[in-house]
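Just so it is clear, A, B and C label the chains in written order, and each chain counts residues from 1 on its own.
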Amino acid sequence: MQLSNSLPKSEVINTRRRQTSASERREWLLFALLVGPNLFLFGLFTYWPLIYNTYLSFVRWDMLAPVKIWVGLGNYRFLFASPGFAKILSNTVVFTFASVLLTCALGLLIALLLNQPLAGRNAARSIVFSPVMLSGAAIGIVWIYIFDPRYGLLDIFIRFVGLRSPNWLLDTNWAMPAVIIVYVWKNVGYAVVIYLAGLQAIPRELYEAALVDGASAWARFRRVTIPGLSPVIFFLVLTTILAGFQTFDVIKVMTDGGPVDATTTLIYYLYQEGFVGFNAGRAGVAGVVLFVAMLAFTIVQMRYTERNVNYA
Amino acid sequence: MKNVQLTRRQMLKGFGAGMGLIALAACAPVAPGAAPAASGDSAAAPSTEKVTAVFWSSFTGKNSETETELVKRFNEGQEDVALDYQFQGTYEETAQKVTAALQAGTAPDFTLLSDVWWFKFYLNQTLLPLDDLLTAENVDLADYQDSLINEGLRQGQHWWMPFARSTPLFYYNKEKWAAAGLPDRGPETWDEFMEWAPKLVEMDGTEVKTSAFAHPDGASYIAWLFQGVAWQFGGSYSDPDFTMHLADEKTVAAGQFYKDSVHTYNWARPSKDITADFVGGFTAASMMSTGAMGGVKTNATFDFGTAFLPKKEQFGCCTGGAGLAILSTSAEETRAGAMKYIAFASSPEQTTFWAKNTGYMPVRKSALESQEMQDYFTEFPQFKTATDQLALTKPQDSARVFVPNGDQIIGKGLERITVQSEDVATVFAEVQTILDEEAIPVVEALQAVEG
Amino acid sequence: MQIITISKPQVISRWAGQRNNWFAIGLGYVGMLLCLLIIGLPVYWMIIGAFKNTQEVYRIPPTWIPAEPTLANFGNAWNSAPFGRYYINTLITTIFGSTFEIFFAVTSAYAFVFLRFPKKDWLFLVLLATLMVPGQVTILPNFLTVSRLGWVNSYQGIVIPGASVAYGTFLLRQYYRTLPIEILDASRVDGSGHLRTLWAIVLPLAKPAIVSFALLSIVSKWNDFLWPLIVTNTRDMRVLPIGIYWLLVEEGTIDWGVVMAGTLFVVLPVVLVFLYAQRYIVDGIAAGAVKG
């Protein structure tokens, strides 16, 4: 930029600074205008409830009484000390990570499959994606049927292989796998679709170069496909973890957190204490723990990606 | 250019949406529940005398059709009150919505509340004591089934009036009974059933094809059905003053019976849906709500019978279902109207109509004697068994209905012994500890309210 | 104005390295069939359930093709609740709800990518963190807020609390970041302000991502159940998923055929919308995720 020789140097610098801060401030204003309403609504309808919920975790209140009794960490102590809570936490972790793992792994497998030049591929992709559009409640009802060990769909296949069906939803060992299966069934289509496009974006030349180098199919997969897919994998893992933590409708319809507490996750516990037991304090604690857990996982994951994801 | 057209279209869409929303907001329907009867009054402005009362309920499907008819008859039958009747969800959801609405000041005038929910509202003094209104309406309290009306009695006043009440009932598959060579009646006692049960079990190789009996899971109210059994064995869940008896010897014995039926004698099975199993022929008998009778009649391909619950040491059967209560936040003008409806809906004629169409129990003694009911009994003898049993029922134990989440707490314990096979004494002792703890705030609140 | 061409990623139409390997292709078909069976069968089961009468639904062994097919369930389902009204309500809340979401996503994402603001990245994290607040936590406080605004049992009460959007903003932000910076500089040199750049340049280029997000948003709003149930009091304001609920009974036998028929009512429009715009979804979500 040419400086005018007629102006004293300081004046010129001042003019420049004033210009950038004026336009910068205009940008700030525009930013605020564009993002403001969105954030404002979040503040009102998401963050305010979060704060209120955190406050509630410190009181004893049945949601009707005019007075909320402050109990400090009483609710936290109660929950962390109770033996049932450890089971709830382990259920939550098991459910979330099993479903994330299965969804992402199976999704990849199916995507690799549907990436091949097969006839009817588009129709297949639609069908695979269709469970995503159905409501969790309707799916739960159908799957209760399917799991029935006497006449369910699944039983037919299990008998075909010569095995006996466990009493899925009434067996404390099998209820969690059942719920996981339903959840994965519902959401794998979403992963497949994302992987598919991710696969298509990997440059062909990389594969051909690897072939020239004499790499085997497995080596090509490991050296080209996986790194090429890493942004996709990161995005999927993050979104499915967050979704997994908050999965409620499938559990409510299929097992009601049971049998006993075999499928009671943190979110189900929140519902039970808040919406059925009307114990605002304990529901509050569940909400806080859930939020903190998800935040922690997200931060950890974001740190991890900075090191391991290859952006093209 | 195509791009510009697209963006213009999007702009227009954006503006259109904005305009549309403003227009919508301007002519959004006046929420009837947004304020108590005061706004209802102005909405019904034309007739200055007519009061609108907002009534919330939990019935779906056919039951809702019947209730709609009841409301219609009421509205058309008099000039003083117009009911604004709305479905709000299940019993549980209706209670949640009433709670939220009370917080927000948008509660209805009166509402249906189930056996486990009404007490919570009573405890927080959000219900109206009904006796003055009952007297003003000349309601014959003595004509109500004792067990039903007494359940809503506190401090000598009525707070909760019976409307859609049910009880557990013993259902049996007559075909399977005959095939096993059993007399066409329910077992008198559980001991008698113990003799019958092995004959009713049908095997398919090593698998049980049909069991003699089925237990529901916690979410399907096993704690409700077990209550009667506990009484039959001489035990109970609790006393009215919240002294817990779940861990008592006799209650544990009842639990042991349940556990043994599944794990030792192998003639009972836990089930996800006992009604479906019964109708499908997977279980020869089961205890179910009287409310299931209609559906069983429609869907069963076999003849079924009903019987009193079997005895052990004695007979025991609890009540259930839902009743009506008026909220203390309701406006003065609407209360008389609400009571009018309550009296109407539980009057002998209407309770007969209700019972015939839904399978809930008629709440009036005189209703049972009416010709209409007698005719119905000839058509549907299974129903008569249920009404005969009604006189022998007792109101429920405080542990299930007055302790928050009491039903689920006990239900989970029962799942531990029927689905899993844990030691009954240990499980019941643990459940009792939880119940004791959860009852503390209730006892405190009760002292504050009742002294 | 400069003309910029964006080339779409190449579609690999062959598994790289495989040449006419019948075994692999055969395996592929088997795999695909397996997938379709596992995923499609339960859906098929749901669909035929709607055509069976209740007795047949309960029949053992279950029938694959309805022995006594009936359309009665559809009639019963339609008549049991004011489904016509529910359709209208759901249409309104979905259209408005999705419009808000799309509008906010498009504009917020633009702001985060192309505008300067102090501590912008922190703000973005704040936005992202809203994905970690479970819905149940927000229900009661939002009900209180909404009733204080007098919006209980109204369209705005259903729509506004769900109008803000983080997932879509995230998605579109990813996509915008992939757009070549040259276009935008060119547009600025031409003298266009940010708004014009957004509308004339960015939007057309981001169309696939926007359309895909729009579809996801529509599906989500269409199936929204819990909040509309809590915030509406009267039948005339309710939405379709609540209508299905209406078909379930508290204390009796559930008429499954009718419930399935009702479910089909709710799902059908969404399926049609999806089938129509299927290809956009693949391009859109994927691209947004890929460029991450």
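We take it that a residue touches a chain if its C-beta (ideal position, glycine included) is under 8 Å from a C-beta of that chain, and two chains touch if they have at least 3 such contacts.
In this text the structure is predicted, and so the values were computed from the model without any measurement.
Centroid distances built from C-alpha atoms place B farthest away from subunit C. When C-beta pairs in contact are tallied for each pair of chains, A-C comes out on top. The centroid of the Cα atoms in subunit A and the matching centroid in subunit B are 37 Å apart. Inter-chain centre distance (subunit A to subunit C, centres taken as mean C-alpha positions): 15 Å. In subunit A, the residues that reach two or more other chains under the touch definition are 63, 150, 275. Contact of a single residue of subunit B with at least two other chains is seen at positions 96, 103, 282.
Residue positions 60, 140, 245 of subunit C each touch two or more of the other chains.
Those residues of subunit C lying in contact with subunit A across their complex are 9-17, 24-25, 28-29, 31-32, 35-36, 38-43, 45-46, 49, 60-62, 104, 107-108, 110-112, 115-118, 120, 123, 126-142, 145, 160-167, 169, 174, 194-195, 219, 223, 225, 241, 244-245, 256, 259, 263, 266-267, 270-271, 274-275, 278, 281-283, 285-287, 289-292. Interface of subunit A with subunit B (complex): residues 60, 62-65, 144, 148, 150, 164, 167, 169-172, 256, 258-261, 272-273, 275-279. On subunit B, the positions that touch subunit A within their shared complex are 92, 96, 99, 102-103, 120-121, 124, 126, 207, 209, 217-219, 270-273, 282, 404-405, 408, 412, 415-416, 419-420, 441, 445. Listing the residues of subunit B that touch subunit C in their complex gives 3-4, 6-7, 10-11, 13-14, 17, 20-21, 24-25, 28-29, 31-34, 56, 58-64, 84, 86-91, 93, 96-97, 100-101, 103-106, 108, 166, 275-276, 279-282, 289, 291-292, 294-296, 298-299, 301, 321, 359. Those residues of subunit C that touch subunit B in the complex are listed here as 54-55, 58-60, 80, 92, 95-96, 99-100, 103, 140, 143-144, 147-148, 150, 152-156, 159, 199-200, 203-204, 207, 229-230, 233-237, 245-255.
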